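Per-chain numbering from 1; labels A, B, C, D, E, F, G and H assigned in written order.
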């Protein structure tokens, strides 16, 4: 209930068109609904620019299905992350239009109505091992209507390959840099582009890699200033960080 | 050597005004100069939107002075971080117009010519202990011409104070959330605003705080999606991450 | 042997009804029996308010059955934690009245005779992933006769849902807050209620979550004062901590 | 604004006694004031049973003085923790009735009006090294009107001393167990008493003690069920956890 | 070649009974043979009081069989640790007299000829979960002819059970204390007995147990002085540490 | 485009055979091609002395096959590491001349044409558990034409065995020391030989071994100066470090 | 009260010489006195073979003096560890016969009356940096009457020095091996001697030494079986572990 | 004593020129001297190509002086690392020709007689903060006669500076890469040069840098193959690793 509606209600009471009791009834739910309004902004999509996604790890297919159904009902589209192939097969029987990608383990129904035609996010990684995380970021962005430029196989130990993609990198609105092992790729990229760089450590590697901690620490301690880091293997989080940034710009 | 200069050179050769040998001599240095151009974009400010800052920790006053002088010569302004009071006093004798802030330990000479009149960054923290890091972020942004909204004393254990500042938070283009201890502030903020949230863990706390690691881990594992995390106590890095985002928008 | 029994014995010796040798024999075991009395208080239920529970992880069904049988014999009821479904099926054949809950992995035979009608423990968690741990706490409490109020789906990134349950939270004698990822829920709750808050970190999450350490550290470093923390995934321990508190109050 | 006030206001509008514009003005602030009421409960003392304490570490004497003054103005008493002797001397000049304890580093002005005559908290520790943390807990409780029983020099490597205090331990409403090194004291106590046991690890020790982490881990992994653990060296937090529990009981 | 042999050789040369060339030939190999003597002491059993045992983890049955065979050939007996049931079945076909214990996962062929009739080692643990490690220690000792006293189910949270076994504990030459979780058992035992206490942390526990690190840290930081700690789950190492001590005494 | 080509182009322009516009077009792409030349040195084999190897962990057989095929096409030989037996069987159907070694999990097609007849690398390890890592190093070196001397079963707890191999160790150009557990072997070797010692920690061990971290830390902190350490279980990396050193010498 | 005293008392009652009431009074205190006897064994020296030592770190000179005085009164001698020079000077004014050693930071008054003439403990270390810890062990042993053989400068990177001391090492009843950095010395010694080896990691080193953790981990994971490890820098603990072992043998 | 000397001795005995007793006396010391020969190679310089250096941290000036004096007596030159300015001043009074470098904290007397005229080691680092460690490496090499090429200010976030030094990097026999923060420099260099790359992590940085662990982990997990890593801040160790490699080549 916004201010003009409230003024209208009071005018009705003043004019004798609305008895105080009925006005009271309508106002009684006001504080909480208002608080709801203040806090919830009707729904999360308005609040954060993205509908809640379903994190399927540790959920049963039934739980995931229920959660997706609720989101589809509310928003007309839905996304689940970390979906295993068996669960995807099970979901597919329920959502005829659902799409599963085995690499990124994303399952999506429909697509958000937003679009960012003038933007472009470069999702960069060093090799095939980092691809699942990179694809989680890329396809989440595409689900939200953001054009993605994939740049693969550009590890810092082979600078010539990285530098040969420099023009594409500089053309991007935002760079998402996905790297395991020592996680040096965002440092190098951060020195080459002025755009926001979102660094995603992956758990790729072995030994003292510590399940991605070495890459995470490398990115947090980068000598390139202004990098933004997300959790290990969190391609989805990187995509949402990018979306928060793109929502600062006027959409098409 | 840009394209028109190169065309001019070739025209001179074609016109017989420049012998091939002399042209060759001038072109011989081209690849590296060009590579310099491709890679360096003349200077870091263009490349990253911010002149190199001087990290004064572990430097002598003389080293810091030299570095600042070079930056002032190149850009007309300069910033040093982690400057101890004694060093600031020493610098002040050399830079009459320099300004030192004891809280953030920033020393700055002049100010960048950039300005972001329509933008606003909210720098949010829980209490006085986090203020030095928050001020490092705030004043770095102000040095770059970005309006800053400071919101202090809004820890998550006192939600009513945080919620009473909701309108200001929602008005911000970007939110920088500075927190020590359990580092929960960015999680709560991430759920309340759609803007980019840059999370800065601080080393405030004791015991199992582990010099800020508990806050860092909390932020990386946030249940609010799309947070961007920087290193512990790295207010400067948060400011630069914000600048990278703001540079996506047309400046005034 | 209490004082009156001892006086009786000495009177018998004095009256010549009991020869010193036989009295000596009965006194010889006194110090240890007495020590036993001092230390053991007859049995653990009196000492700690709860019969020993069987931790089934790493035990064979036979070992678990033996342990449960001994407890049933002593107390008329018994509880086992971390019971896998196969073991539960095996136990069920032996305890016709036993009840297994697959979510919490608790297996219980009977129920304690205690009851706490005027008390209420709110068991709060953020989502479906934390439910197994929350249920371990809830059902352990119910086994002990404590009324439980379950409050689910109230993560800190969606404050409006949490705040809409505020009245229920404030009505609780004790709040058990179960959270994974950054573990911020107890901090927020600690600021909203005056009751004891028992914080249970869960291993829910991935990457830098470190199997629940990030949530554990977050809770230990909470900016809300007076939180009591238990081990990762230790819903049973949280329930017993609550029981220790409730036993401070006069039972019904 | 409660329901009857709201009904009154609407009746005034209906009766023409209050113009809609003025009614609107009074209702405009309603949602936030209501939210304030819902969330803030007037002040933190009501919400959490204890006024905010000042954590003096890293604060200037002036900052600490300001914070204490505000609390004294609001509650008639105030407490600061981690106060160094120099700061205490400075504070003493401003608060003639202030009291400083060098061992616990607590500085207090006045005393809370609450009292818990029938309760008793046993604060137990192994030796002189743990005393500062134990005293922080004890004196915070005394500031809040809780009777404290101090039991010192009862390390687990000298069980006879601990067992000789068993009666006192069993008489306590709550036991706070303070221990460094391996932190085994709460495990042993947890098996001896039915009361709530709040375990406080201290940073006392050296080598692989890891600044208290060994004691903290020991307490979290205790084989005694239902222990409640607080952060390393956090005597204040232990006292507040105890207060939350005592507030469950009817005060005198 | 000892001194008298060397003197004899020189006398032979001096007496013309041995030509210098033949003497040289015999001396040529001296340094290495001597070094071998100095270093190797013929074989490891003399050097360390125990034949090399086979660590079967990660070995194939064939590799384990070969290693055991070589030891049997050299010493008439052999021991393998961490033997899985399948491997034991395979070994059994080759060693008709071999004995496998599924709890400790020890496989032994024969028995050492040493005996320590007047010694006794108490192997103490808290519960059934620690039994495999305790049995690895007990049976290794028995293989070496050392009488073992097993004391089980004496966790520190139930002191009365531990104290009721005090006489047996004090009768032991050496106490091996096996404990998981917080690892407090050796601290309590170290205060009750004057004998050497060998502390064995186990990986029993969960959550912040960190695969036995919490118990290990607890034992290293014990407030009881003079504890000797071995690696996590290393019952075999504890037995060998005990054997080194027992070899200080005259054997029967 | 090398200097003579450039001179030819300028001569053409000077002679009027090439219009400036067309020359410009050809020069426009020069900087990048040149940068490619400067950075890439045609291919990685020239740059680093070894063709890229395929890290098969986490790759599908098809991905591994494609990568190997590309390398074979470019260099006439290829090597894959961490190849599981099933994948090896699959590869074998595609590469009739491929060779798989189950111990080291290396799969190789052909062999490099390089040879180092006068060099010798000693690959030393303590026991059978370290063999897979040692073999990964040995066979990678042999693939590159380097003679390898394998020295096994020389753990530091049996010095006499190690010292009996001293001559072979001192004859080696480079020593690769592979060790798990405490990782002391390289320290002892570093004191015995003047050659480069490359230390490879393995994850062999249990308990506080921490998956090889204890060996890694031991090697990094060695009291023998000048050891070069590689990642845990990284036999391939050790071989490449040795190759970098051998390439300093004139090849045969 | 022993059995014969108890029998006498009962005979007195039976004979009418002692009224039951008085007998009761004397028996009333029996259980606790007996329990005291059972648990305390009169004093710690009997229980653990060594009087309690004063850990002076973090104590005031007055506290240390009081503790030492009590020990001197009870045992005629006393030992304090980690005594800083200033405190030693202060203590010296109170104990004219006290002796301070600046290297080990031990302060001792008198000497225990025990002696172990036929025993010998070799205290071995690699260099001057480990000497303070080695001396803490050596002088604690000498305080208890144990002959000590010091062997210094025998790091594993210089095996010839270590091997030249082999006879002395093999003559020792017990070997205490003190080492920082990678902590490999006990592994090598464990393979050379059959005696008990007590391993003491020191915090000597830098970088990835982690304040002694690398040496500690190395010792726990030693490939030499049967090592007994104590806490980092804990020379005193090593001495007491040795004393526990020596007390197994008949004293002179 | 070599073979011909031994033959001569035996001939003397045979000829009656040397009595067997005197021969025995000379042979008595043979085994150990021989062992000394086998193990020690006369002295460490021959064994490891470098005289022992004095690690001055934690030593008194007197201890450092004594150690240096012994080395000068043996080798005519000596080097001490980690020398504080006060100690250097003290040493200077004893060694008139000694030279101290405040940056690297190296103190040297004289210079080794070795020289490597055709070799060149590039010591590369990113900035002024890494210079002390880089200089420790550089000056240790120069002390040993190795020409050093210093390349500074080439962090990976400013690739153009690094690439502009490519020719110098490729001309080096060995590259020592010194880096703090994320430690990415060796990864990039490892991809650009074929020479051995010795990676030295430094403790430069803050926050999650963990005193150099982030750089260390980055280097160990490098995607560039064949890097050799030394301990944090261990410039001296890097120089000795380089010397071991250079000693593989024929010296001038």
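By definition in this document, contacts are C-beta pairs under 8 Å (C-beta built on N, C-alpha and C of every residue); 3 or more make two chains touch, one makes a residue touch a chain.
Per UniProt, the chains are A, B, C, D, E, F, G, H = Nickel pincer cofactor biosynthesis protein LarB.
A quick note: this is a predicted structure, and the numbers were derived from the prediction, not measured.
Put simply, the chain farthest from chain C by mean CA position is H.
More contacting C-beta pairs link the chains of F-G than the other of the two pairs A-C and F-G. As a whole-number value, the distance joining the C-alpha centres of chain C and chain G reads 40 Å. With centres taken as mean Cα positions, chain H sits 60 Å from chain C. Note: centroid distance chain A to chain E, computed from Cα atoms, is 57 Å. For chain B, the set of residues touching two or more other chains reads 32, 35, 38-39, 158-159, 163, 190-192, 207-209, 213, 216, 220-221, 224-225, 231-232. Looking at which chains touch one another, you get A-B, A-C, A-D, A-F, A-H, B-C, B-D, B-F, B-H, C-D, C-E, C-G, D-E, D-G, E-F, E-G, E-H, F-G, F-H, G-H.
Chain E contributes residues 38-39, 46-50, 53, 163, 166, 173-174, 190-198, 216, 220-221, 224-232, 236-237, 239-245, 247-249 to its touches with chain G in the complex.
Within the complex formed with chain C, the chain E residues making contact are 128-129, 158-160, 163-164, 204, 206-209.
Within the complex formed with chain F, the chain B residues making contact are 3, 6-7, 10-11, 13-14, 16, 19-20, 23-24, 27-28, 30-32, 34-35, 37-38. Of all residues in chain B, only 126, 155-159, 163, 181-184, 187-188, 190-192, 205, 207-210, 213-215, 217-225 touch chain C in the complex they form.
Partner chain D is touched in their complex by these residues of chain G: 32, 35-36, 39-40, 44, 55, 57-59, 63, 201, 203, 212-213, 216, 231-234.
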